[in-house]
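Consider the two complexes below, in which chain A is the common component and chain B and chain C are the respective partners.
And now, the complex of A and B:
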């Protein structure tokens, strides 16, 4: 788990290490802004916007904007979390396969939930969630750890120090655990969509190996509470 | 007293590197300007044009005609420009005859930068004093904030040109932070004149683009064309009005040409954004690239074609959604000594 640094410190560090030139660069000019694809934001009339939004819109009217990437679209079916997860599942750039696996997973979740729905008695029918997107988001949320461990070397010894995690890092860890779990702990003949749908449903109900892993991490962090003062950021 | 007994030839040679960049005297530059003006009149005479109204563009054309060159780099070709453009601006000598420097910050090495920082900080202190005075008199502070939206700060290169001195990234960011602090303060408007020297206006983006009017074909159906490119693909698209949403690519139906869902989503993106999904027909020709880049090229071309059907505000919203920008990302070249663009060869210890 990398040690984050404050913005000023980062800038100073970058200028301070002269031999490390910038390797990650973009073909765009740094003044280009990210595109905003949600069409609802553009339908709002001028008066309903708050002051901040008005300022932001004025700024955007003057700056050039980057092109929208091919994985993003304004249709209701494109979800940023699902695209991120598909990209992480992808191997060797085979996006077609990853997308089809994702679609099959969501279909499998829907089928299982519908089976449960039709078998359940009347009063429990409302509690069963059938929307696979909602299940996916809730499962990911349940898998996200709150606190993580970071290796800090002090006086020759390396300690595992509990450290608060950023949102990006939490989401990344949840998705990574899901994918590694599904790739390793399954029967040889079982297909990925089936295993993934199983894991997602378990995570949705706060059960399963990934939730256990998250709890183990939290317990480790609690156990190493004494070293929390080693953190300087 | 010490007498010079033995010297090597190395001592007689001038150390070229230690003398720094070539210094031009003012007299030299003046002479160059005179020669340039004289040469301009001679050139005009040669070309049979009026020496009085001979502009820089005419000079460039004349030189390209008289000295044709097939060199690829434009900077290597023969050129005739005003001496101020050719010889870079240099500082005059900073010290007097006795060797004593004029500026009090000369020995810092970056005298203009540090004097600039001192000046800006002085303005900041002025503003604080003004604020304290207003607070002492119990008057409310002036809250007329200058609109930062239409202006940007000077870039590092522009600042370097202004100060005639090299800056580091850190110096530049420090200076910009100071300026921001000055502007953010409530009574910052007092020093507006000073701040204006360091800010530039950004003009609105849309003014440069001309939207073509709609064309009508034989049956009276309105249509418009657009061209798009992405990586190595080039696409041309005609969007017809009063359609059913049928899309034809290179004479083949879209379902057969783009079997992948992602590509078809990209083709529909502009129409979905403008809520015109079933209203237009599209006929496209595309060549080059792979499946994703062809889809991206057609998307850009159709967005450009749809501009003629739509109001200006919607065009602006399309631009802000990233539909109208050409994607500049191309495949990075492979470098020698590495296996690919970024991947290095496997490191072997022995």
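And now, the complex of A and C:
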């Protein structure tokens, strides 16, 4: 058992122990591995695992593992996108409030769609999407811009140059636009879950102010095509 | 397809024994095991335990103008149907009511239990049964609303030291009128009531006139409520109709209030006309009906959140006033009831998450909610 695992390790990483270490903080030594929260993987018996999975498990038995952050859960209902969105909605570290607002938003979307579903005639029932998670993901995807603008200074003047965006940046922009739209451009007395559910349903159908903002950004990028060669990355 | 799935999985759980006993007349489509076609609460037995029965929406509007919890009303609106689960405490209460002797003084039943276990829904089940049987139902949806947050508090014209609450009294009278239309024409007043200099109700007029008077002149609404209660109490022993007094949150009647008089001194509950008259109704010196009440910590004032037992919530004064009573404990969902509720939500498409349909999702819901009905409902909301 020891010989094949030593050969399969590849890079030999000796556990590095300096004289004074903090046990857990945000900067870990590179030898620390990410925690595995998926319960299904642990339930599989040893024989069913493939070769690389067996190697990975043996490596994990020897290497130190980072502490799991509180936002990661082994619940089957947890969704990383929803957690990211909740964190962006949070103000002053009040995660309890942000999470309850998110839950109320999803419930509001579900109620609106279910009411439409029950009132619709039989043939149109399949077209109505009632799953709030599907609506949320699709709405975010519809809001993501493909191309962005970046300020580049050349010869004393600053130009708005069209630039491709990374996936993370696209997701961030979509969520940010949703939240700012709901916070600023709505009636003061309307509650956040109601505003958000309205915006998400509009974005799901490719309508609404956020989709318009995305189109405006695309048009600006198209208009500034001439400066595209200013980009050097 | 849907029903086949539900039947299959539900039969795997411990409901298979009931399948053989319960011969349901096949309708156009066979209903799943967690539904029952029996819409009359009078015919509910242990056979129907853990199953949902539906109340037609017109009946809901007529019988419950103001009784159902807010989340249940939202659920009725979303699902387009009102389905209540038949549970053991409700069946117990229904057997007691069916076998009670109406020549004896009215028995007091107190439904108690921890938060979110279904006390109000049990009360609503009993109210539905009595409404179907033709009883006169005096349903006070939440007695806590009468002892807090009162915008207008006026001195009573009838007795100088008492205080009136015109808004609460008039809204209760409006809902009372909706639920008991036909009784208001039959019951006649037995004495003359003078409301003001020019308004009075003669003897022998129908009770509907007293209610109209209370709704028209909001200043005398609390006194109208008092008159209605007094007339019903005086006449129910004659036996022409039965009375059910259903009070939710009865511990409000003997607690403290957050109301203050104009000189900032605190108001005690007996100084309020509505509470004073309701307390007289809660005594067991009348016969020809029953009194079913619920204890509630959720709206209560100055009580710790862990209190749920009768002597904790009622205090010495309330316990002595209600003693002797029949306590009915409402526990969390049993295994069967949890399965039934879970499959009902699945069937009505309330649980939309794809993981919620799996065994792992179900076990997680069971663990997170602790089989508490309110927690399960709140958890299932965003899923």
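By definition in this document, the second predicted complex is superposed on the first by the 181 of 233 C-alpha atoms of A that agree within 3 Å, B and C clash if a C-alpha of one lies under 4 Å from a C-alpha of the other, contacts with A are read in each partner's own complex, and residues count from 1 in each chain.
To be clear about the criterion, a contact is a pair of C-beta atoms (placed from the backbone, for glycine too) under 8 Å apart; a residue touches a chain by one contact, two chains touch by 3 or more.
Quantities reported herein were computed from a predicted structural model and do not represent experimental measurements.
Peer 1: In the overlaid three-chain picture, which partner chain does A:28 touch, first (chain B) or second (chain C), both, or neither?
Peer 2: A:28 sits against chain B, while chain C stays out of touch.
Peer 1: Looking at A:102, would you say it contacts chain B, chain C, both, or neither? Reply first, second, both or neither.
Peer 2: Second partner only, chain C.
Peer 1: Would you sort A:59 into first (chain B), second (chain C), both or neither based on which partner it touches?
Peer 2: A:59 contacts chain B only, not chain C.
Peer 1: In the overlay, work out which of chain B or chain C sits against more residues of chain A.
Peer 2: B
Peer 1: When the two structures are overlaid on chain A, which partner does A:168 contact: first (chain B), second (chain C), both, or neither?
Peer 2: A:168 contacts neither chain B nor chain C.
Peer 1: Name the contact category of A:50: first (chain B only), second (chain C only), both, or neither.
Peer 2: It touches nothing on chain B or chain C.
Peer 1: After lining up the shared chain so the two structures overlap, which partner does A:153 touch, if you call chain B first and chain C second: first, second, both or neither?
Peer 2: A:153 sits against neither chain B nor chain C.
Peer 1: Classify the contacts of A:130 with the two partner chains as first (chain B alone), second (chain C alone), both, or neither.
Peer 2: second
Peer 1: Scan A:75 for contacts with chain B and chain C and give back first, second, both or neither.
Peer 2: both
Peer 1: Please identify the positions on chain A that touch both chain B and chain C, taking each partner from its own complex.
Peer 2: Residues 39, 75, 77, which sit in both footprints.
Peer 1: Help me check something: in the complex, which residues belonging to chain C touch chain A?
Peer 2: Within the complex, chain C touches chain A at residues 74, 77-80, 349-350, 352-356, 358, 360-361, 364, 381-383.
Peer 1: Chain A touches which residues of chain B in the complex?
Peer 2: Against chain A, the touching part of chain B is residues 149-150, 152, 168-170, 173, 202-205, 260-262, 265-266, 268-269, 272-273, 275, 292, 295-296, 300, 314, 316-317, 319-323, 325-330.
Peer 1: Touching chain C in the complex: which residues of chain A?
Peer 2: By the definition above, chain A touches chain C via 39, 75-77, 102-104, 106-107, 110-111, 114-115, 117-118, 130-133.
Peer 1: Would you tell me which residues of chain A are touching chain B in their complex?
Peer 2: Interface residues on the chain A side: 11-12, 14-15, 27-28, 31, 35-37, 39, 42, 55, 58-68, 70-71, 73-75, 77-78, 95-96, 99.
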